[in-house]
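Naming follows writing order (A, B, C, D, E and F), and every chain is counted from residue 1.
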């Protein structure tokens, strides 16, 4: 009898029976694994998040992330000893805000600003498509979130994973799990969301606007005679502007532009580029995913807030896309040279998926209307846009 | 005169004369380097361990790991300042229990569960071959180890380096050096130990049992129609079972199965797989090896306990192998379809060396008796077996 | 009005106006980026240093490294929360002295001791060419540096980046920025400095000394029959000697020799070699560069000390080169077999640039006088020489 | 609670029972898994890519066109702008 | 300072104004940059290496000779002794 | 102990003596090493693998058979199950 008691106490069965929510959490993590692996929704993040969630929801495993109140006063060594490696990784790498900037360095090292430089004007629409971030603020306040939580919810509308996570760590770390999942899920759902919003906001005529023909009708772009030099100077110049005007976005944008600089500097910094876009970024992605997943236990996840975040996140996405489309329509009212409003839709970011989807939508209406390279311009600028938005939010509320 | 005094004080010569044991430690580290490089005994671990030992045994170098009592109360920064980078690495990465799970993630990312899935039944013998872990407990208690130390000694019989190190960190960190060396040395000596035990426990007739012929005589395995899907679901299912029943083994097995999942998920998580099996695992191996080596100074290493650990480790290995063989013999008594007891011998793990050796032994007696793929089944399941054993030990004694 | 006030407070414009030195710092970082990218002066270090400097000089970005007094008492988590990720990285990786040894491990993993082993005698001149380190001490004391600062300044004459940084971290961390920049800049300027010193110290006749002909005239070298075994044993033997005599140089030289050992051990430790020379080294270089750059704000950098360090660093380089040349001249007085004094000039290290330059200079005077392989011998030994010098300085003053 | 030796005996029993139970469960659930997969996801014969299923939004030909365009835009740099580039570049 | 909703309104205004300003500056400075580069660094037609300019101390032929010698000395190991090896090994 | 300048003088002396001694020892021990290796491990003429000596347990042909079998079992995935795979996969 004693022996069986011993065995039973060692297992997590007792805890499972006490906390039936855990079973639901397991089901959710299985669902996320299905979405990540079978449906290929942002698998690089959703698979680690889902597995981290799976591991975290067996209490005896010591693999769930505790709140700052629960670990208060512990140094790193004691933290690991008492609460295991997930808390060590979370508090050393995530809570300190380290990994999102490191991942942004990798994103920068993989980003080609070429399409944006070739159609710089379109970058402007990366601003309009951040409107969802701020409008959702009001709704979130109305349903009971406080301002910091509302801002973290709104940033989902920036359609940029590391930015959303970085902002949430600074403003409302207790919501990290649902916000990360909403952000990555909706980014993966961009092939569904953009066509949906487009159907309600764009006319057939607008969908047929052909960017290349407009370029031929109104040729006014400055040709770039030495793209390599421009690409090297661009991150330095942008870095200086951003650092001057929104210093609080520097940890994100500064690292993005540094990553881009060591890419564009070419073979002389190839070693650094390899580390930034390879080992550092990949390891950071693993640890970020596992730790974000490990923050979600039934206590922290199974509540009304999570549902509201899922709903609010969708609204933020939808409003951002509509905002981008609206801005192009406004421009078209004032200009002879027309722009396809799909270029505005891609301004929310979700690079490069949004551009592909916009291109796809355009081709459906006119098989010769390839606007991918134009879409990439506003698409990439949307990354800068939401990082600036994050900087503003953190600067006001952090 | 003063100048010479100055020079003399700077060198480690004085300390060498005061502590003649150091010379012996140098000799041991040279010996380990010889085994690692010339004899190729687990060089990936033994070379860093030996070099860490070499560096640690010159007191002025500040490269030896101190006990927790000696560093008590120091934060990471002060620890590095006062006691050097080896203590920083040891207390940040090893003592926190971080590196063994990270290495296990890499092991999982390199493990193919295919052979085990094709002969699932044989996985059962990975359980029997853990018996050495627990039987050595009694002997260790008898010669004066306390229960935690005895458990750390016993886990050597699990024939799995990261598992042994993880368990020892949790239960008896002061024995980390000798236990790690014993574990890796005996794993390297598997080509000697398995034939030795086989000679005393198996008959010629048993050695000639041909698994493929038995398979033809008694065909009853379910064919696998979609190996890829099974391989993706397997780590998730196993992870859930283990987490439910032995949560304390989750840091090890959870990471192993996560590593395996990102391998089997294919190209969509290729970046994560590359990091887990490449940069993270390799860097972890370097730091683990150097730090384990740096724990061994003449004071901590040159004593009777070390000799008893070397002896007890061998016994644990031997009993585990014999246990696996015995379990197969028992099975053969009850079943018409016979299994070659070498399949039991490989259950202790030491993947994939043990399987190769078992195959080699079988081929010596019958050049057509290729049983490698069968041996791999129990061999891989032995990794799970010893990680579960570690979980039980930590749960009871940790 | 309020809105504009809000925006203005968020920007760094106010701070810029208050601290006009910041504008100069931006100009300096642009200059360093120009040197690093366009002029290819040590781009792997200068580009991250310059970008780190750029990011650090916008106060609101929280990206500049603070002094130990300013962060006193904070643990890692609070440090990151209050002072951002650069301070976290700096205090966790740089201030603890961790990264220079890790980079040295990578340097060792990329170093081939072959040329040195083939001309071991020439290694001796790697000692003479460290004289600049110590002679500059006196000048530095004379202009007002204290002894620790003077030693950090002097070590620039060792012409080895990680060694200079490691020593400065231990002795005078407040001077880290200018010393790192001076060290890497002068290493990049070796193609200018060596010919300059050679012009003032060597005769035409000396420049024409042909090493290969001397080898034919006085053949006395022991042939190496098994280079592979020698190369494996060499780092072990040298490690033992150094650890015994200058234990304080072990963190640097021990890691260098460990890196070399896992290179020479061949395929059995290939995984470790890959990590040491790849992901670990490259990531360390990025973080070292960014953090060193982030230590330089107008307050810490724009002062007389920086100018004196720039000047003193040049003197240290020049004296080291002249010392190496002088030692060869002295040798030539006593020996029939002559050595080209350029071999002495390369003893300061700056591997392998110095060797290439020396070879270039020799070829200019005699197009058949290829002395590259001879130069590499003293060149590599100069790395050991300056690391030993660092050990002596730290042992006396640390 | 008790003397070390009897505690060791309890550990021996609990340990071996647990290991056998876990591996038994692994064997059983593995077999169930194989049968379920055999029934519901039988072999998909010709398949070069290891990925389970493609995002259905893009037809292969369109995808090829997009990839080609992207390569042209980025002057053949291969990886385009973000993590997701990996997805369709295989 | 004020109630959350009006604070949210300020954030909305400041946020969108800032984003528009920053991206406007990015567009403007990008265009200025392109014009400046077009004027002062016009295209360098034939160029295989992505590096801006080579260290002028070495003539290409000498460089080739050095590299060949180094490879001979190091028995074709490729990377020679230090970080700098990368510079001339491209 | 003493004024900085005279301390600097001691450091100069100790430093240069130490560096010379160390490098002298490196030169001497290196030469001894070369002679010892020449005597006890003279050149092993034809050798493509950089590894000193193979684990003697496996004959090369058997090894090839094993490797082939493993590759077959794992459907040519190359790396098999663990770190040790590297050893014989070179």
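Just a few scattered comments:
Please note the rule applied: contacts are C-beta pairs under 8 Å (C-beta built on N, C-alpha and C of every residue); 3 or more make two chains touch, one makes a residue touch a chain.
Bear in mind that the values here come from a model prediction, so they are computed numbers and not experimental data.
Shared contacts of chain D and chain E, meaning chains that touch the two of them, come down to A.
Comparing the contact residues of chain B and chain C by number shows a mostly separate set, under half of all numbers used being common to the two copies. The interface with the greater count of contacting C-beta pairs, when B-F is set against B-D, is B-D. On a Cα centroid basis, the chain most remote from chain F in this structure is A.
Chain A and chain E have CA centres that are 25 Å apart. Put simply, the C-alpha centre of chain A and that of chain B have 40 angstrom between them.
Listed for chain A are residues 6, 10, 37, 40, 44, 75-76, 232, 245-246, 268, 271, 278-279, 285, 392, 396, each touching two or more other chains.
For chain E, the set of residues that touch two or more other chains comprises 10, 14, 18, 51-52, 83, 86-87. Each chain pair that touches appears in this list: A-B, A-C, A-D, A-E, B-C, B-D, B-F, C-E, C-F. Considering their complex, residues 75-76, 91-92, 95-98, 101, 232, 236, 239-240, 243-248, 250-251, 254, 258, 261-262, 265, 268-269, 271-272, 274-276, 278-280, 392, 395-396 of chain A touch chain C. Considering their complex, residues 6, 10-13, 16, 26, 30, 33, 36-37, 40, 43-44, 47-48, 51, 54-55, 58-63, 75-77, 80-81, 84-85, 88-89, 278-279, 281-283, 285-286, 290 of chain C touch chain A. Against chain A, in their complex, chain E makes its touches with residues 4-5, 7-8, 10-12, 14-16, 18-27, 29-31, 33-35, 37-38, 41-44, 49-52, 83, 86-87, 90.
Chain contact summary for the complex, chain B toward chain D: residues 117, 120-121, 123-124, 126-128, 130-131, 133-135, 137-138, 141, 146-147, 150-151, 222-226, 228-230, 232-234, 237-238, 241-242, 245-246, 266-268, 270-271, 381, 384-385, 388-389, 392-393, 396-397.
Against chain B, the residues of chain F that register as touching in their complex are 10, 13-14, 17-18, 51-55, 57-58, 62, 65-66, 69-70, 73-75, 77, 79-87.
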